[in-house]
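Since the structure comes first, as structure tokens, the remarks are kept for the end.
Chain naming follows the written order as A, B and C, and within any one chain the residues start at number 1.
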Amino acid sequence: QEITLKVHHFWPPAAMPPTKILGPWCDKIAAESNNRMKCQVFPAMQLGGTPAQLIDQVKDGVVDIAFTLPGYTAGRFPVMEVFELPFISSSASAGSKAAWDFYGKYGQKEFAGIKPLMFATHDDGYVHTREKQVKTMADLKGLKMRAPTRMTNKLLASLGATPVAMPLPAVPEAVSKGVIDGFLLPWEVIPSVKLHEMVKYHSETDPTRPALYTALFILAMNPAKYDSLPADLKAIIDRNSGAGLSAMAGKIWDESQAAGRKPATDRGNTFYTIPGAELDNWVKASAPVYDEWVANQDKAGNNGKQMLQDARDLLAKNRQ
Amino acid sequence: MSTVRLGRVLRPLRTLAHAFALLGGLAAFLVAMLTVASIAGRVLAGTPISGDVELTQFGVALAISLCLPWAQLHGANIIVDFFTQKLRAPARRRLDAVGALLMAVFCGLLAWRTAAGAFSVAAAGETTMILGAPMWISYAVLAPGLALIALIALVQAIGLWQGTLEQPAHAAEVGMQVAK
Amino acid sequence: MTPSTLGLLMFGAMLLLMALRVPIAAAMFIPGAVGYWAMTNDMALLNTLKGSAVARLSVYDLSVIPLFLLMGQFATQGGLSKALFKAAAAFVGHVRGGLGMAAVLAAAAFGAVCGSSVATSATIAQVAYPEMKAHGYHGRLSTAVLATGGTLGILIPPSVPLVVYAILTEQNIAKLFAAALIPGLLAMAGYIAVIAIVCRFNPELATPAEPLPWNERWRALFGVWPIATIFVLVFGGIYGGFFTPTEGAAVGALGTFVAGIAQRELGLEGIKRSFLGAAETSAMVFMIFLGADMMNAALALTQMPAQLAQWVGALHVAPLVIVAAVLLFYVVLGCVMDELSMLLLTIPVLFRAIMGLDLWGLSAEHKAIWFGILVLMTVGIGLVAPPVGLNVYVVNSIAREVPMSETYKGVLPFLVSDVLRVTVLLFVPGLSLGLVWLLFR
């Protein structure tokens, strides 16, 4: 019989992740199964709920597959949040591969009831500001910055900025009204919400150094749905998920960086690359964020320090 | 159920709905004050109130849920009466009973499921991003308003079917309330 | 059963329930839930409902709705609408039909701080109807003026349906508000012109009031300074780049509150009434949202919206004809449906199709804004068009001695001006987009 997989996500249909990652994946499983297994994709939260609720929708079987960010549900996936720590991941490729391996080692407990098909981090996140150029940590002092994740919220606070949380669609309005002075985002997202038109300054970080921040994505499947598949279809899912899919997604995210950056250069915005020597200060200042993560893992009965080291090692291994 | 007893059931519900609606209005007003304070903090001191967006979302959701029962009591939920104007009053009342029953099912389902959602989110340990407040609270506070509107609609459905209650004037009532 | 058949059944059941007096919110929810359940299973339905209420009620952008409603309530209870009508009547009351024109002017000014047409009709009718009656205005004219004038509550920003459109289409609320201003003023001018023309041909409909001496006119005008200040504060703040629409609404709510207290018009009783009034309208709006959410999720499952968008995209018809057909469809739908459920059910389906068309070579954003204004104007027609004109109900509940059929008769010439205006806006996008270009360069 024919299997239809209901796939739900929050992006508009033409955004990068659904067209470049999800779409080809769906085409591939359809082709390999001779169209016996197909996706039915529902973009833009068409089936209802909030992006934060996607993870429960896939867990509860409301949908079969969800493409979302574990970080939207703060506090729920603290182990995998290690990849959202500041200055840890250095490219989407390395981050994505490392995240998948780390999940195999430490993450399965917190994803009980969910079958991850892919983990991926996005391209390096940078600082974008409206009126004040950020060259040093001192420049961040007192700036109201939109934080995209719980970790960046903590990072900004420890760097001396005032973190503000708001949904992404609200950012253009907020930055144009001065409700916020800037935001942290990777290049891929910026043109899709025309944010390059709202700011003048972009502060990137030394490319040899780890990224200021990245966020973690997940393609998650309902385990009961997976179990209900006949063996050959299960094999198709297995073949097309896990380390391979994660690596491919990371590569696509890295490749999307240039296209996302171009509109800002075309517009003549001002760019600055924060040098490694200055970044050392930032890393030092963000130490409490690490300590907190380690302490929380220790409290949960894990060896936080060891886990952090493993995450670093995996990232280093995958960097080559 | 006799007329008297039904009236007796509805009276405390009305008092409760009235209190809920006033609280709901107050919650919305407090959100307005918080927002203005946050703007003032931003303009004068360069620091907005931390988590103001989260608090606004929470306060407004709470406010709306508390307002639902009052709207149902007053027949403020819009109905189309064009096609049934020629019907005799008892027939119309029966239709209104069915309408109230469907409202009760609708809101009862949402009340029950929202409470269940509170338990799921609590079990998962989800928090808000800036304030780190437990997420289950945002779910749990919506349940009382939804439960009360379901209860009121159910009592109305029974009363309308028996003929012991009259449907409050609809639609226009919205305007009257506004204008009084 | 194919999903499309099920989708049609759901839609049919919804219309049937609506016709049978089931509250619109439940008429959307129940068939939606049943259809969803039929296409999935009971656990999927129950689990999706776990998050529905939170997902709809805690949307940050939607918080402008209760805040703008609260602002309108404080303005009403604080006597600001009375001051507005008095000022307008002082200047134009002595013209033939002048009290009607004053009611339109007052409705437009009140609409500038109030986002709901029902609230605007009710408020202005409350102060203007007794005056018009005392001056021997024919019930047909006075109720029609108040019902159509009330639509200025949404045609002039802020506007609840425009906020809903902005959310559904992910457009900028401030830009949509800016785009609505000139068309809203055109609507006001059109209504005043209709009153003048109607009174010219039927002078017996209205008796002019005595002209007031100039010093009294100035005094009446001075009475509107609080509302004028709040208007400048709120919209100056939004367009001057000081705060977002949500923040503007909060400032406005607090501003009208303070003005009401300072004028000694708003007491504890008035505050309570404001809370209850805002409670009712907000609850009504969000109830419809909750019902429509279920229906829309179920319709999305049937894939009907995607198919319809594809079908429209493949039509070999001039794009403007398609837009005109959509608007005509809204007029028809608006006759029996309320404006919010109409928007919530159709925009997710039709918007994508419209955005795929080449319309006057507009950019995607400008196209979305221009279309939004057209939709808003058309929805405004539905508020007074027979048989289900919400504003007509509201006005007739205040002017109880005027039969509703009389009001509908009186509304007809105003509908002519509405249709003319929509046509002009269809062919001259600059009228909607001019201010957007100017303010958001």
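Everything that follows uses one rule, which is that contacts are C-beta pairs under 8 Å (C-beta built on N, C-alpha and C of every residue); 3 or more make two chains touch, one makes a residue touch a chain.
Keep in mind it's a predicted model, so treat the numbers as computed, not measured.
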Pair with more cross-chain C-beta pairs in contact, given A-B and A-C: A-C
Identity of the chain that, by mean CA position, is farthest from subunit C: A
Distance between the centres, which are taken as Cα means, of subunit C and subunit B, whole angstrom: 22
For subunit A paired with subunit B, centre-to-centre distance based on mean C-alpha positions, whole Å: 37
Rounded Å distance, subunit A centre to subunit C centre (Cα mean): 40
In subunit B, residues with contacts to at least two other chains: 53, 120
Per-residue overlap in subunit C, given as positions that touch at least 2 other chains: 50-52, 54, 60, 242-243, 247
Touching two or more other chains - residues of subunit A: 56, 166, 170, 179
Subunit B residues touching subunit C - in the complex, by the definition given at the top: 18, 21-22, 24-26, 28-29, 31-36, 38-39, 43, 53, 56-58, 60-61, 63-68, 70-72, 74, 76-84, 92, 95-96, 98-99, 102-103, 105-106, 109-110, 113-114, 116-117, 120, 138-139, 142, 146, 169, 171-180
Contacting residues of subunit C [partner subunit B, same complex]: 17-27, 29-30, 33, 46, 49-54, 57-60, 62-63, 66-67, 70, 73, 76, 118-119, 121-123, 125-126, 242-243, 246-247, 249-251, 253-254, 257, 272-284, 286-288, 290-291, 336-338, 387-388, 390, 393-398
Residues of subunit B defined as touching subunit A within the complex: 42, 46-48, 50-51, 53-54, 120-121, 124-130, 132, 135
Interfacial residue positions of subunit A with respect to subunit C in the complex: 6, 12, 40, 42, 46-50, 53, 56-57, 60-62, 166-167, 169-170, 172-174, 176-179
Of all residues in subunit C, those that touch subunit A in their complex: 40, 43-44, 47-48, 50-52, 54-55, 60-61, 170, 172-174, 241-245, 247, 293-294, 296-297, 300-301, 303, 348
